[in-house]
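Two complexes, one shared chain (subunit A), two partners (subunit B, subunit C).
The block that comes next holds the complex of A and B.
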């Protein structure tokens, strides 16, 4: 048992423990915890600015960590400088040394390396070839012995012959065996990246870090290199930590994917898990295309969306809990009435919706169609194309209906009363009607809050400075493209289509994350203004315990 | 050739050579003339046995003979070489390290340093010269008496310090753009491969900025060689080329006047040779880089 536990421990090569990186006041990486096994290929995946590169740079030692621990083989390496960490990095822009040739670039690390050995003396003999008379130098090494005739252990440099051999081996591995003497500037981008990989792996690091190494290459070369990197990983048995924003690349190459956004881990899993069972809207939307539709869990294995109850394989939700349903476009099967396919392939009744093809686009391997059913738009990918205006049936297999807990039912924001008719919410002064909060109150002609007798009551009730909780439905907030037109300014974090509308997640500058339903598509990072409709606000006074 | 074809040829020529082109070419010729005519004029008169340029005289090598034989001029040349090479070397090292330091600074201290560096560049040299003179008399002399054995005075040390102060800001300005062109990952890559920060600096950063350092060194030599004001204020009894030329031009006789023309000619030929050799070397280097083995 004890032994077993030890073995398990050995399996884990790298461990991040609550690693946080803060720049000024903004958190680049927040409470990042992850275990990486020896020999694993782990990909950090996320949009730009999500903290994936920062995480990699903290592991490599180029960035200090604000708090937390990074363990390698159980030892904390987070305080070590980069040159003392047994890791090597492949950079996006290659970072080859332009004044050295290929050979010297690759040998850079080897020349600095010290290995365990014994003290030796170099011997150079000149041998004259008998037949030709040509002179040849023969180099040999003899161990130096101490007074007792024993060898002396030392940390020695690698010999030139050893370095040459390793460099040649690395060049063969990256498929550029005759490039040793070439100058860096005479190489193409793809060749430079291969040399950069050779330069890193020649040092036989415990972990190879790759920071979007294929980002600067064209598509075809990138796909080729993906396969080669995967092959190299198998051959070398080195642990790879790979950073990319390309979800396809992550799915193709990794053993495990870590999806990140806004400095946080959203989901960790195998490519299949990440693709088939996304844990939230962001992951579902970021990894491939998805239909994300609001639904209600009627009972275990029963979910209602788009006006129909479907059989699914999920359970354990509350009765009538509102959920998000995720369906991949390729998992929806289309067929028309009177289809001539065998009956067993032709599902009918359960899990089927009637719909109308709204748009159809040929994409090479498949058709991409938008089908509207009961007012909900479905994105469907199918090898059979249907034309616009055609009535079709949509069949969704129970296995393909994935249920996610709703991240948020409504926006609940804390604010403070600052005037008779205004509250301070996320740094903005917002006009509200406070009469709903206080029984028998009204506004007088000058706009003061008064009781039934017409007396001002704000001071008496000690209203100013009181905390309120504002609840707003997703649809009661309006987004303005011009941020200055909004009450509150913010940045769009994600936005995805939910069958009938887009759902945007907007992070206000003061920190609150608003969920907003909108008819328009926004890009991640768009600056927007949020307009809160006062009549739609539900206000609640925060209860303060009375002290007598 | 009959008249008809000749006239068409001429009109063709006129069509080809538009008035705009003629104007552009003659403007270029004029600029070059203004730039180089005085130099060639001087080169010509370095072979004439006259006191002032423009006077009627005979062809002679006497000016050159005098230049190589005059003990005062030879001493001035030797002093100048010592001062120039020493101060250019110190300024290049100091400026390079300064530029690297400034480059890796945070934004605000970086701004302050660049601003401070800029002041030295735009500051009128006479102010710098005066400032140095006052600094040496007020602060340096009493201190010098403490550190060094007695009667420490203006001389080589003060000139070299002055020239280093003059050249260093220009070195910094020469090195910084080159640093900006380096891939910021290169330094990190060196650390990543096991190099200490010093080793990374020596093997990765310095080789990449070496051409700029060489340029800065040549620039420093020019600045130092040229300098009159700082030298004049802080030289003490040490004679340098610029001081010699200045006094010879004002108070010299026919021999010294001729000698400075010869000297200027030699310097001009030297400068041209350096530029030619530099260009050739650069071309050869560029070609070798793309040679495939």
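The block that comes next holds the complex of A and C.
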């Protein structure tokens, strides 16, 4: 058992532990934790500004980390300068030295390198070839011995012959064997890219970092390079950390993908996991096109959306929980009545919707169609095209229906009416305007709720004690540093930067978790007071079944 | 073009190889080497020019490097600080320099005074080309160098300096050319004791000895031409695209 654990530890080459990068008040990367195994190809994927490049640059050493640790082989490297880290980077715009030729660019790192060796003396002999009379220099190295006749260990430079050999090998690997003497300016973008890769891998780094290396290349060349990089990764066995915003590139090349947005990891998984089981709307949307439809979980394996209950493979949700249903456009099968569907599928009717083709576009390999069914628009990709206005059936296999927890859009809190103008919410009495709940009602001069005729109605309607549902947007709640200034007291659980403001999760002492947008950053565990603006509350009476 | 570029040069050549009567002669040119007075002025000019350029480079490079540092280059005040002296007319500046040196009792050392004046006047011409070549340099090259294992010093000598060679060359030409040909600075700061090529030319033309003056001008012309040629060579030789 113990041994197993040790082995597992050895497998892990890089470990990010709660790495955070802050520029001024904005968090570029927040609490980034990830383990990368030796020899793995890991891609950091996300839109621009998501923190992926910053993460890579922190690993390379170009950016200091604000807090956290970066371990390489179990040792913290986060304080080391870039030249002391056994990593090499392929830069976005190659960053080849324009004042050197290809050979010198590749040899740059090798010339600086010191390797363990013994003290040696260089010997140059001129040998005259007997048959042709041509003179040839023969270089040999002889060990220098100390007084006891032992060799002397030193850190020595690489010999010119060693460097030349490595450079040639690297050039061969990137398929440009005859380019040693060429000038950087004379190379095309694709060739520069290859030289940049050669310059990095020639140093045999523990990890190769690639920062959107194919971004500047045209599509065809990019696809070619993707395959080559993948091939190189297999041949060299070096760990690759790859940064890209191109989801297709990430899916093609990686062993594992880390999807990032706003400085945070949203999901880590194999390309298949990320594609098939996105954990949230962002990932689903970012990784290829998706239909994201609101639905309700009826029971385990049963979900209702677009007016029909479908069989799915997800379970463990609350009964009647509102969820998001993700369906990939290519996973919806279209057929018209009379078409024969493969026999392996369920009989017609199950998991099937009737719809109308609204638009249809031929995309070269497949048709992209918009089909409307029960008021919901579905994007469908299929090799069989149907024309606009045609009535079709949509069949979705249970495996292809992915259920995600719905992201919270507003705070919905249960409360109780305790007065004509007040409700009890999370243990606090909050003054509210109840006229919105009852038609033709108003407040009289003494503050009682009255009907159009001016009669008090609270008792008649049995208002006191009735449950209400209060909906409040994240921005309509104010946080007070002094908890006693708030209507409701609570503790900040998390707070993160959303690009323009912070979003804090505050757990009220009575249990409800509020989401609050604020301009200020709070630390986890801060005590705060929540002020609810009554005018911004949306009240709804909870339907109570009448018991006669 | 012909009138403003070729004609003056042809006229200089014509005057250099003729005497006061307009007859062909090599006297003016050979006189440059035989007459001690002229020869030493030429050598002095070249020597002073090269020394001033070297000192400008030694002071100017670190200054340009610091100014181009990402920490300081946002503060334009610093850059303006080096520009402001250039707004004062150089005659006024040189006269002020004389007063300053006099106060410190340094005006007695004529060579030093002239050299000081040259460096003070032409230093900005060295700083700005180097500064702009450093500013244009892609910062990722420095990151790449450090990524490949270079220390800051190694990055400086192997990447930054070679990449700023075009700036160094431009600065050198911009300092060397006026430093060789100046006459007012040396005149004012040495009270005529350090006679440079420019002073001589001025004197000969003043004294209506156009032919000797023209020959001296030809020397100056060749010197400037050679220094420009050298910088061209350097640029194309390195194949730098900046």
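Convention: the second predicted complex is superposed on the first by the 403 of 548 C-alpha atoms of A that agree within 3 Å, B and C clash if a C-alpha of one lies under 4 Å from a C-alpha of the other, contacts with A are read in each partner's own complex, and residues count from 1 in each chain.
Definition applied: contacts are C-beta pairs under 8 Å (C-beta built on N, C-alpha and C of every residue); 3 or more make two chains touch, one makes a residue touch a chain.
These numbers were taken from a predicted model, which means no experiment stands behind them.
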{"item": "Room on subunit A for both subunit B and subunit C (clash or fit)", "value": "clash"}
{"item": "Which of subunit B and subunit C A:83 touches, first, second, both or neither", "value": "both"}
{"item": "First (subunit B), second (subunit C), both or neither touched by A:53", "value": "neither"}
{"item": "Which of subunit B and subunit C A:112 touches, first, second, both or neither", "value": "both"}
{"item": "Which superposed partner A:203 touches (first subunit B, second subunit C, both, neither)", "value": "both"}
{"item": "Contacts of A:181 with subunit B and subunit C, given as first, second, both or neither", "value": "first"}
{"item": "Subunit B versus subunit C as contact partner of A:95, first or second or both or neither", "value": "both"}
{"item": "Partner chain in contact with A:267 - subunit B first, subunit C second, else both or neither", "value": "neither"}
{"item": "First (subunit B), second (subunit C), both or neither touched by A:191", "value": "neither"}
{"item": "Intersection of subunit A interface sets (partners subunit B, subunit C)", "value": "60-62, 81-83, 87-89, 91-93, 95-99, 108-109, 112-113, 183, 185, 199-200, 203"}
{"item": "Subunit B partner contacts - residues on subunit A that touch it in the complex", "value": "60-62, 81-83, 87-89, 91-99, 108-109, 112-113, 181-183, 185-186, 199-200, 203"}
{"item": "Subunit A partner contacts - residues on subunit B that touch it in the complex", "value": "183, 185-186, 188-197, 199, 203-204, 207-208, 210, 288-293"}
{"item": "Subunit A-touching residues of subunit C, taken from the complex the two chains share", "value": "138, 140-141, 143-151, 154, 158-159, 162-163, 165, 238-242"}
{"item": "Interface residues, subunit A side, partner subunit C - complex", "value": "60-62, 81-83, 87-89, 91-93, 95-99, 108-109, 112-113, 183, 185, 199-200, 203"}
